[in-house]
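The next block holds one structure in the form of structure tokens; read it before the comments.
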Amino acid sequence: MINGISINYYLLLSTVLFIIGAVGVMARRNSIIIFMCIELMLNAVNLLLVAFSTLHGDASGQVFVFFVMAVAAAEVAVGLAILSMIYRNVKSIDTDILSNLKN
Amino acid sequence: MIKLIGLVPLFPLIGFLINGFFGKKISKSLSGVIASVSILASFILSILIFVELNGSTNKSHIVNLFSWINSGTLQIPFEFLVDPLSSLFLLIITGIGFLIHVYSIGYMSHDAGFARFFTYLNLFVFFMLLLVLGNNYLIMFVGWEGVGLCSYLLIGFWFKNNAYNDAARKAFVMNRIGDLGFLLGIILIFVTFGSISYNEVFLKAGTVSTGVITTIALLLFVGAMGKSAQIPLYTWLPDAMAGPTPVSALIHAATMVTAGIYMIVRSNIFYSISEVASETVAIVGVLTALFAATIGLFQNDIKKILAYSTVSQLGFMFLALGVGAYSSAVFHVTTHAFFKALLFLGAGSVIHAMGGEQDIRKMGGLSGKIKITFVTMLLGTVAISGLPPFSGFFSKDEILAHAYEHNPVLWMFGSIASMLTAFYMFRLLFLTFFGKFRGTHEQEHHLHESPSSMTFPLIVLAILSVAGGLLGLPEFWHLPNWMSNNLESVIIRKSPSTLHHETEWMLMGIAVLAALATIYFAYIVYRQKKTLPIKEGDKMPGLQTVIYNKYYVDEIYDALIRKPLDVLSVVFHKFFDIQIIDGLVNGVGGFVKSLGSAIRLLQNGNIGFYITSMVIGIVFIILLTFLI
Amino acid sequence: MKGLLIISGLGILAMLAEIFKFKKLLFPMVLLGVVAAYAFNFMEWKTGMSIPYFDNMIGFDKLGLAFSGIILATAFLWFILANDYFEEETNLVDHFALVLFALVGALMLTSFKNMTTLFLGVEIMSIPLYVLAASKKNDIKSNEAGFKYLIMGSFASGFLLFGIALIYGATGSFDLMQIRAFVSENSTTLPMFFYVGVVFMLIAMLFKVSAAPFHFWAPDVYQGSPTLITALMSTVVKTAAFAAFMRLFMVCFADVSAVWTGILAGVVALSLVVANFSAAMQNNVKRMLAYSSISHGAFMLMVVLANVRSNLSVNALIYYSLAYSLGSIAAFGILYNVTRKGNENIDAFNGLAKRNPSLALCMAIAMLSLAGIPITSGFFAKYFVFTAMIGTQYKWLLIVAVLTSAVGVYYYLRVIIAMYFKKQDTHEPLPIEKSNVLVIVLTTAATIAIGIVPGIVAEMFSF
Amino acid sequence: MLGYTITQWLFGILSFLSIMFALMVVFSRNPVNSILYLVLTFFCIAGLYLLLNAQFLAVVHIVVYSGAIMVLFLFVIMLMNLNQDNEPQRATLNKIIAGVSGGMLLVVLVGSLKGGEQLGLQSYGSSQIGLVKNLGKVLFSEFLFPFEIASILLLAALVGSIMIGKKEIK
Amino acid sequence: MLTALLILFPLLAGLLVFFVKGNAARNLALGLSIIEFGLALGAFFMFKHNPDSCLLSFDHAWVQSLGIHFSVGIDGMALLMILLTTFLVPLIILSSFKNDYSNSNNFYGLILLMQMALVGVFTANDGFLFYVFWELALIPIYFICLLWGGENRGQITFKFFVYTLLGSLFMLVGLIYLYNHTNVDGIKSWNVQALYEAGRALTETQQSAVFWMIFIAFAIKMPIFPLHTWQPDTYVTAPTQGTMLLSGIMLKMGTFGVIKWLLPVVPLGLEKWGGIAIALSVIGIVYASIIALSQKDFKRLIAYSSIAHVGLISAGILSANQQGLQGAIMQMLAHGVNVVGLFFIADILFRHTGTREMDKLGGIRGMNGNFAVLFLIILLGSVALPLTNGFVGEFLLINGVYQFSATMAAIAGLTVILGAVYMLRAYQKIMLGERKDSNVAFGSLAGTDKIVLGVICIVVIAFGFYPKPLNDIAEEAVKTIMLNLK
């Protein structure tokens, strides 16, 4: 129990968010939205980490969240750079168009 | 002298090597002489050995040359056995072999393959000698297959003619069928007795169950069927006449084809033990004798008639073996070697005179033109027809007597065959030598007596055919039957004849009368009525057609064995091998490919799909790991 | 550890090169630096130092050093190979820096001791690679490769993190040893979601080593990326990923192997089938090599599966990584030279035996090594795997492995057949740069050498 | 109120809102809307952080995500002029498959994620760990190495973005 | 030591030949291979003098920690196989003198490397080493077939390669399984005796699994029905020298392998499954013989005949008795020589007439009698006529099979008949009859051709007449093997 809320609820909540993110990745064609959904997934994890951190009374969980944020930022930076480059080349960021590489 | 037995086959071998390697370089006459001399040397040595053996009390000499195959308990030395049986065969082989070599010098003188012919002939004698000299079954087998090879080579001697080649191949293959039986027999002997040397095997023969002995005996008999042209493996022998006539005389009449008899006589102990086997031999023998004789009735090729006659006579010999009259069989082998070699050589002389013509319908009236040939052939014909006092009478009569004693039915069939023999032989004689010449003018001009190298063997053989009967006079004449006495040490002696002398006299009388009657019948048909065989293509009465076409046995074999085999071959190859087995192998490849293509479709380049697939994978993993 | 620092420093140095204008010096410096890193690495290995640095965040033990050694050596060869590639590219300095940074990540993965370092290592290695994969800016295929790699990599990172979070939640720690200790102490009272965490990490790591069904990115990315980057991915990155995999599962989660071995067995089987069957259908050589890499990955996974915490399998994995890296470097090096004109299909190899016999020979040896034919190192690698596997309950996997290996031979032989059997229009000799020749010959020779005397490597690591 | 404490109420509301906004992120047709909903989601999550006594993290979260990352997204979307409602959508079947597989994942996860509470995992730490001071201590002692090495990560991202973003000089 | 030299020498020779250009390569290869034969003869005399001579074995740790040794040694069977190999390789090289191969240095180099691997296979006393040499032998022959083969060679050699490799991978698994059960003073070992012991200690089920794992590899190599379909295509497509290597020597790897690496290892497995394996072999004999009947291409006919022959050898081996095994060894030697001779004849025919289609040939005997005689002698050896080398083996083999099952022996014996049928048919079609119009004049043979055929014919007859020198060694070798089997 954290402040009267069972850890199971946090687990449930972050799982739901995580899966919404995952569904977004699967269901959308717009690359940027896909990115955003991935961010959503990461945030779900962050939430869980913080919850566990508080549960254990251990700060390392929260510290870990910093690293996740740093990584997320880095990924977004690189990802958006790549996307803008792609957009420069093909004037689209539709994933269906980005499917030249296949068998 | 017996110690030198190794030289007997060595001489022909040397002759073979000389002719084989240098045949083309030396003159024809020299190669003929070398070949003949090598056989002569063997012959002389054989005589010396024969004499020595006769004088010695020890009737069985084993000469070890070298150890050949060793495999654990299977020890096969290259050993020769000199005993009365083998030494008798030595004489026949080298003696008649020598005569035929001499004959061939004349007969083949115009042939381009002269040296080659003698090479083969010498090789044949070598193998034949191995066959009879070997002290164990495998050496016999070596000779056995070796003579088969030579037979193959000599039948197909004129290799440009594919019909001859076919005949040669047929001979070899049919022999091989028998050889397989023989081989399995040898192996069974080894498995049963732990040895294949004669003396060891025969010593232990009594200790083994009759069933095994029967199997061995029958397997060996299969071998004999092939080599000695018995039903059902006889059809190669008439075809084998494709070879030069001296070959027919030597291999396909006098020596090789009697190897089967030699083998069974050698193994007589098995047949004495096994009732079943000996009955089989007798029945096959007598049937062959009768069957081949009927075919002989309507043949028009002079050599074919003799060939069927040979098959028939071989049947007689097997009849003898089957009824346990081993020495009679050997006796008949001997006399048959004389008169059949004579007949073949005579026929060769006729053919020689006719410039290669073999069809008796185109002959006639030759008696005046080639007198020596005619006389000798007449003597031979009389001998084979079983008229006393010629050699054939004695040997055949002995067999028939034994057959009667064993089972009168066998005797009856045998007698009928004997009558038929007399008929077709005299038919041959009448059509060839009497009446008018029916050939072309050219042939008529060309007619001449053969050179002395050919007539000399004829004369010698004629003498032997006439006098050969002395070797085995009937016992009840109270004269010494040299043949059976001589072979005493080798053969399980039959219990003394139980036939009354009267019966024997009667049988003899019947045989002679029957023969005379048949000859008279032939005389009426071919001399008085001057009936001629129907020309090729004309219609024949039904049964005659069947017999003329040799009961269509070749065709039946063709349809039953050769054709199905060929079809099977194609089916196996095109269907089983390529379609099914290789198809399966390729199918695996195809499966890989199609599965690969299926998997390929998954990789469609769409990132959403990729991730969905991953998620489905994850679902499965979690489902399987935690919830099931 | 010193190696890691040197490589990091080199990376930063590379960034400065443009500013302070010593671009020309950079290449020799990098080579020197890598050699130095290797030397330090080797010395640490020799003296057997296994000091945990920074509160058990990272620790170069023998195992880690061994993998680091392989990575550094491969990287060295790769740099030589890439020599003229960098001359072509305008962004020389950036490339250098990125590759070096990726190398830092790879080295971290060989020797992490904490989930944090694992996660950071994965990302530090991956992010530069996303960029490098997309680095042919005007080539839409390259862009797409980078993009796909990024999206799917991030997606997998999500699972990795989720797993880490769950494990943290269950055990209260990020430290591998503490987790392990906690697990063995409380094996009966662990919450269910701990195991889910393990499975999630497994899935994420399987993604990184591109095992089916998480392999989808690999062929596309391998194909789209510039050839040399693909070479980097299939050697350095692969080795690092396996080092991490092994540390994580054979060390940390060894006590809960019941949870993950079954999954792993299934994944291995699926990977073998999918990879080999797909590879057999490829005409694009790079793509084919991508599938081949998946198949080799499956072999390496078999080692992990085979025998938890045994010297035999550690040896096997190290040897396999080395053998595979050598073969791949040679193959990609040759591929790089052969496909300069842009045709990456197998017919680019047609008639190579005529155009450049020695290159063809090297390629043939590399292919035979990848196919696992004696006396190449690839054979021993497979042999070690078989030996490790035969004692386990997963013997059926061996049958799958054997059957699919036979399929594997098919596509390796296709290259050989193309080189020796098919005709090419041009017969002009194919020139290659000297440095490339050096690398190719060196790797080929090493392939044969450690194939003939595998003891050199196999007996080096006695853990 | 209804037997729930305020925290519990807040947790319930924030959870509900975050899930709703998250769903809106996925379902909005217009990318700009998506971004805005995502920002809202992040705010809710920040609120949850606060509930968990992670005040510093909540602030950082707002600053980094809502402040930096989301702006970056928005910037790029605007740059590409994707502010449209008619952007191409995946085929319905694909969506259904995605939804179903996501749903299945949810079901199996929820099925297998139970059991945190019964194992006696309860809060036994102080509520002060989320404070800057505490975090700083841990970060610069225990997590020094990752902290340092994270700079490499950021450097790499920096270099990478620049390299990719630069116009090709031909 | 000498054994190691026997392996090393062709390796060095092969490498050397790679760097020689033009005709010098083939002359050098011939010379070196003759020296190798000399070495083998040296081994022969040494063995005669003292079979346990330490010079004949060599052992050096290879991968110590895994119990892998470079352990080679010559026992009776190995000696015979080495003699066969080293005798045939110079002949094979000599036989190629009239063929114009491009890049012939590579060709001869590969042949010598192949020889190295073959000698290695026959002498290896370490299971692992055996496997390595086994695989190594595959590579040169693959390249020989691929580079100098005929029509469609890419696909066919590929099938051959994958097929054999698949088999050997199974063998590897089987061997590793055995290795895993070895225990020599507490450590695992690849030593042949250790593997024997490990194998025998297994349960029947385990032995059965190992039996099939290993047998499949050998069965593919030989090949045994129904794993034979790679063989005819490969034989036909490969360049003649490649076919000679494949059929003359490489095939013996399979039969040799069964004797040394299968029979003593899994006695129970053999007891349980040997019958089925023999049945397959025997079916193969009849099946291949019948197929051979309808073949039009002479080379393909020989290929099928080879399947038939090897089926008999295999059946004999699997009967696992003195006669069967000894017959197998003798027949391996004989078949090696004969089949090389036959393939060479096919090559000569092709060279002179441009076809191997038998229906298009004919009447050659009339044009070149010597050739016909040499052909006939080799053919007779192949149909196992007594006093040719083929007979001793065949007799012992049928004998051995008979002791296992009389029925099997009778069926196996059909080869005696069918072999004669298709061989003589072929001979007749090719050599006899009238010369066909389409058939060009068949001139006299080249000197090298005469030497090769002559030597083969001499061997065919000499060892048919007096097999004792080889037979004695084989007998002793088999006795040792039989001890291992009990």
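For clarity, chains are labelled A, B, C, D and E in written order, and residue numbers in each chain start from 1.
In this section, contacts are C-beta pairs under 8 Å (C-beta built on N, C-alpha and C of every residue); 3 or more make two chains touch, one makes a residue touch a chain.
Note that the structure is a prediction, hence the values are computed from the model and not measured.
The chains in contact with subunit A as well as with subunit D are B, C. Among the other chains, D has the CA centre that is most remote from the centre of subunit E. Using the average of C-alpha coordinates as each chain's centre, D ends up farthest from subunit B.
Chain pair with the most C-beta contact pairs: A-D. One finds 96 Å separating the Cα centroids of subunit A and subunit B.
Distance between chain centres (mean CA atoms), subunit B to subunit D: 102 Å. Averaging C-alpha coordinates per chain places the centre of subunit A 65 Å away from that of subunit E. The mean-CA centres of subunit D and subunit E are about 71 angstrom from one another, to the nearest whole unit. Annotation for subunit B: residues 600, 603, 605, 607-608, 611-612, 615-616, 618, 622, 626 touch two or more other chains. Residue positions of subunit C with contacts to 2 or more other chains are 116, 120, 123, 127, 130-131, 134, 137-138, 146-148, 151, 155, 166, 169, 192-193, 195-196, 219-220, 278, 281, 410. With touch defined as above, residues shared between interfaces to two or more other chains in subunit D number as follows: 90, 94, 97-98, 101-102, 105, 109, 112-114, 116, 121, 142-143, 146, 150, 153, 156-157, 160-162, 164. By the definition of touch given earlier, these chain pairs are in contact: A-B, A-C, A-D, B-C, B-D, B-E, C-D, C-E. Across the complex, subunit B meets subunit E through its residues 66-74, 138, 141-142, 144-146, 149, 152, 156, 159-162, 165-166, 169, 172-173, 176-177, 179-180, 183-184, 187-188, 190-191, 565-566, 568-570, 572-573, 576-577, 581-582, 585.
Subunit E meets subunit B in the complex at residues 159, 163, 226, 228-230, 287, 290-295, 322-323, 326-327, 363, 365-366, 380, 385-387, 391-392, 395-396, 398-399, 402-403, 406, 409-410, 413-414, 416-417, 420-421, 424-425, 428, 431-434, 466-468, 471-472, 475, 478-479, 482. Residues of subunit C touching subunit A in their complex: 115-116, 119-120, 123, 127, 130-131, 134, 137-138, 140-141, 143-148, 150-151, 154-155, 157-158, 161-162, 164-166, 168-169, 172-174, 193, 219-221, 223-224, 278, 281-282, 287. Every residue of subunit B that touches subunit C in the complex is listed here, in rising order: 592-593, 595-597, 599-600, 602-603, 605, 607, 610-611, 613-614, 616-618, 621-622, 624-626. Subunit D meets subunit B in the complex at residues 90, 94, 97-98, 101-102, 104-105, 108-109, 111-112.
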